[in-house]
Amino acid sequence: MATTATRDRVWESLRNRGRLLVSCPDRPGIVAAISRFLFERGANIVHSDQHSTDPAGGQFFLRVEFELLDLPVRASTIEAEFAEVADRYLMQWRLALAGKPKRLAVFVSREDHCLLELLWQQRAGDLQAEIALVIGNHADLEPVATQWSVPFHYIPLAAGLKAGSDASQLALVRQHEVDVIVLARYMQVLSADFIEHWRSRIINIHHGFLPAFVGAKPYAQAHERGVKLIGATAHYVTAELDAGPIIEQDVQRVDHRHNVRDLQRIGRQIERTVLARAVAWHVEDRILAHGNKTVVFS
Amino acid sequence: MATTATRDRVWESLRNRGRLLVSCPDRPGIVAAISRFLFERGANIVHSDQHSTDPAGGQFFLRVEFELLDLPVRASTIEAEFAEVADRYLMQWRLALAGKPKRLAVFVSREDHCLLELLWQQRAGDLQAEIALVIGNHADLEPVATQWSVPFHYIPLAAGLKAGSDASQLALVRQHEVDVIVLARYMQVLSADFIEHWRSRIINIHHGFLPAFVGAKPYAQAHERGVKLIGATAHYVTAELDAGPIIEQDVQRVDHRHNVRDLQRIGRQIERTVLARAVAWHVEDRILAHGNKTVVFS
Amino acid sequence: MATTATRDRVWESLRNRGRLLVSCPDRPGIVAAISRFLFERGANIVHSDQHSTDPAGGQFFLRVEFELLDLPVRASTIEAEFAEVADRYLMQWRLALAGKPKRLAVFVSREDHCLLELLWQQRAGDLQAEIALVIGNHADLEPVATQWSVPFHYIPLAAGLKAGSDASQLALVRQHEVDVIVLARYMQVLSADFIEHWRSRIINIHHGFLPAFVGAKPYAQAHERGVKLIGATAHYVTAELDAGPIIEQDVQRVDHRHNVRDLQRIGRQIERTVLARAVAWHVEDRILAHGNKTVVFS
Amino acid sequence: MATTATRDRVWESLRNRGRLLVSCPDRPGIVAAISRFLFERGANIVHSDQHSTDPAGGQFFLRVEFELLDLPVRASTIEAEFAEVADRYLMQWRLALAGKPKRLAVFVSREDHCLLELLWQQRAGDLQAEIALVIGNHADLEPVATQWSVPFHYIPLAAGLKAGSDASQLALVRQHEVDVIVLARYMQVLSADFIEHWRSRIINIHHGFLPAFVGAKPYAQAHERGVKLIGATAHYVTAELDAGPIIEQDVQRVDHRHNVRDLQRIGRQIERTVLARAVAWHVEDRILAHGNKTVVFS
């Protein structure tokens, strides 16, 4: 069990670690331009991973992790200077400070397994983030959040009040300076506006192996079909239900002995594992969404 | 590489090994009746595995593997006697002699990986069966079958001649005393009559993770959707395409670096593994199909 | 999140469910004798799974799960009557009531992940047991146990006081009517007497893939050797360290990017999963230990 | 089944594809220097993957895959020019032409599964290499090699003639211009001289999950220990038996029902899969050996 002091030391050790993520139309010279830019500022590249969809005119994706003295104070200057390089190559890009933990809002309904997994991994130091608050459309998990000293906000969904609950949620996540929203078995659809505003920053866990079992009750569907593997899917939320870019999936073997209840039990293990992995990759700036797909750098 | 002599020794060592498979409405006393029946005839039960879908009025499934002196000569008497027990409990059942290898017909088109896997596993003694013949609707794989000394029959599918090619196939599999038909990437639909005649005895490999990607080009579909795992599915063939009882499925991890061609390459590995596993289970009498599902005893 | 009421309903639904486990020298007629015994008393067999190590004179293993009206009040009579059958075949056997949850004592040191996994799975209704108490040789995890309303006992290990701490532990587990002891990353060796007394009822999680990395710091050893998979092993504790019968193992893929700290992080996930699976199988009476191996019925 | 023409088209499509592999002490500016070097010569970087063991003074590893017009004719000039950059940073490095398939010598004894896997994958176009010859210390697999039109050389190991057989092997692999030697279940130890000469270019498949079961009969050892997963390990061969840098490992689940013969059967599947994966990574220039470990770029 990592203490707060231990976690603080980890953040401190990462204070000069930067992560640059770039996506742009491919052409020769991009890596050279970026690596030269970083070298001229004294950065040492620790990891870099680059992918092009097609050597002839595809899309270029890059993640560079580097060490640079006094990065926190120099970051805004570097961003301003990099904008020139970025413009030249039509880049979409961002610079993230590894030492500044991202802040999560976890949206829940009644099931606790995904929430608990995130809380535990965060405390253990395995999830490099802060859990800023939990928002529930039911009050059931308030005791869980309280146990772990995380603020819980109960925003019920009254009939006809959808717009209102969305507004309350938006206000809360703003107030808590949230970077990413995690739908941890949150059984309710968000409004298109909300989703657009948080594009590529809302992660959902679908309790089925997409695209096999879209919609409700995927485990009942899986049981009915007699599949031999069940799975779960973490994806970014888009306006079209269950169709957003897939971040991670995993499966477990099942057989004729398992009833729907067993599949749900086994499914809970997959769901929390897959969701936690997707959230970890997001907060470590490993994911670039492009169209309806993701590039996940290892 | 198992020699023919080695394989013959294996069959010989199994000559007194019987497998009884039973499916019937559940009620108390079935296991007692069967085990008493076997005991009274001097059988020693080596493995038995039983499953009931529901303790209150579900379906009962049983697989018993036993040793019995002189089983081959006594089998028909035992079957006649067991029919009385079976009638009492409304059983569907069969008695299989483990020492009598099942005979396979392998239907192919142009891709060799599934055929080669079966040929190799059979020769290695890992697939307890004989491969009686290969039937191709293209002639491409004739050299492969010939290399392995297995008869190859080329039955092209001329326009309007479907009924005719079905008849040729039926005649061939009868003449070769075939027990089970394996569609090893056979890219053609069989007639409803043919399928009905060979119900629960035609195994197909679908090159996708059913029910996710039914129909053609599942790897292209998977790539388009950006999934993180691709899979294959072995199933019994029914009149409804891609909807028969699933026997086995497996998956492999893929990522953004893989193009459709890579998915096909990785898919070939999964396909041949999954198909070979399903065929092995079938010839070892481990599978009971029930409705649109299978019970696979381990 | 299963409420106490939900869990009580589950136990209630299992009140007439019995599990009979048998191990004896193999010979014909055992299954017939047992199934007849159960049938004559009105039991309906729900699952049964039998294994013989060798058809000619090996060891026979059986697990039968059955429904029997008023089992709780009839169990002692049935046990007395079954003893006669058992004597005839030299059986080691036990009859377990599925509706009577087993009581666990969880021994811990400083790491919380295995304890939390058990607490969560128990509350979720996925682990069919009661967690009677937690015993720590450090006080670190007292708040965790308390959060989950489970008694925590701190029994420090003072130099020269090993015998004393053993006695305190024994007294506590007796007083709490414990059925099985789980060493959930308990970093201390138990005395040979203690182990002998709790033979096949102490489950340990070894943070390495036995028998690859026995002893201390298995993840450091794994990193040093450059392995591509790391794993964990749940086993029954015997007097010889790390050599007891293996119940379950699992692995995760790692690569050159992972340092020892990463391996520990990934390892925590495997450890808690593997341990929880082993404990679940034990409390569902699926395991028969025989020599230095286990038979685990699915 | 890929025809020769198809494979030739694949090689042709890769003719301008280069792969640069670099290992050196880490310091700032290496990526910048290399990417500038490539850019100035008109190369477009398709993939690049870089890893540093430690941002403060560790080892730097890089694999860059690029497209460059007329690479085959320009390669020697580029190598001469890159030597200057390499010297500045104390690099160990190599430039490989992706369009020039590496040539394999496969060493075998009596078991055919690994050899067949390589032959099939090569023909299918899944293994980007040519299999130049097969050398056997037994003649058993000569028909297999012949079936696939690959030269087979039988070099028996007479007592006291070890040095002689080594010399014959060396002469053959030279004559066939072999790039990498694959020990495909070759049950004989090579001489220290031979190994030193082919350092990081001999790949062996160990039929056990190293370092768990070194030495002979790993499946018998695994059965004796009652493990729940068995595995295989592909590694570079070094003078110390079973201790060379691990390239790849995989496992399969086993249980109490499996005897040693079953483990061998399951093991064959793992062995050929793991070996083929390791060989594919080697011929695609994805592996850098460093000390007793490997960096495998994905």
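Read from first to last, the chains carry the letters A, B, C and D; within each, the first residue is number 1.
The rule we apply is simple: contacts are C-beta pairs under 8 Å (C-beta built on N, C-alpha and C of every residue); 3 or more make two chains touch, one makes a residue touch a chain.
Bear in mind the structure is a predicted one, so any value in this text is a computation, not a measurement.
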From chain B, the most remote chain by mean C-alpha position: A
Option reproducing the contacts of B-D, where over half of them reappear, out of B-C, A-D or A-C: A-C
Chain centre separation in whole Å, for chain D relative to chain A (CA means): 36
Rounded Å distance between chain C and chain D, as computed from the means of their C-alpha atoms: 43
Where chain D touches two or more other chains at once, by residue number: 47, 51, 255, 257, 298
Overall pattern in which the protein chains touch one another (line/ring/star/complete/other): complete
Contacting residues of chain A [partner chain B, same complex]: 51, 61, 209-213, 225-229, 231, 245-251, 255-257, 292-296, 298
Contacting residues of chain D [partner chain B, same complex]: 1, 47, 110-113, 116, 120, 124-126, 140-141, 144, 147, 255, 257, 265, 268-269, 273, 298
Chain C partner contacts - residues on chain B that touch it in the complex: 26-32, 35-36, 38-39, 42-52, 55, 67, 298
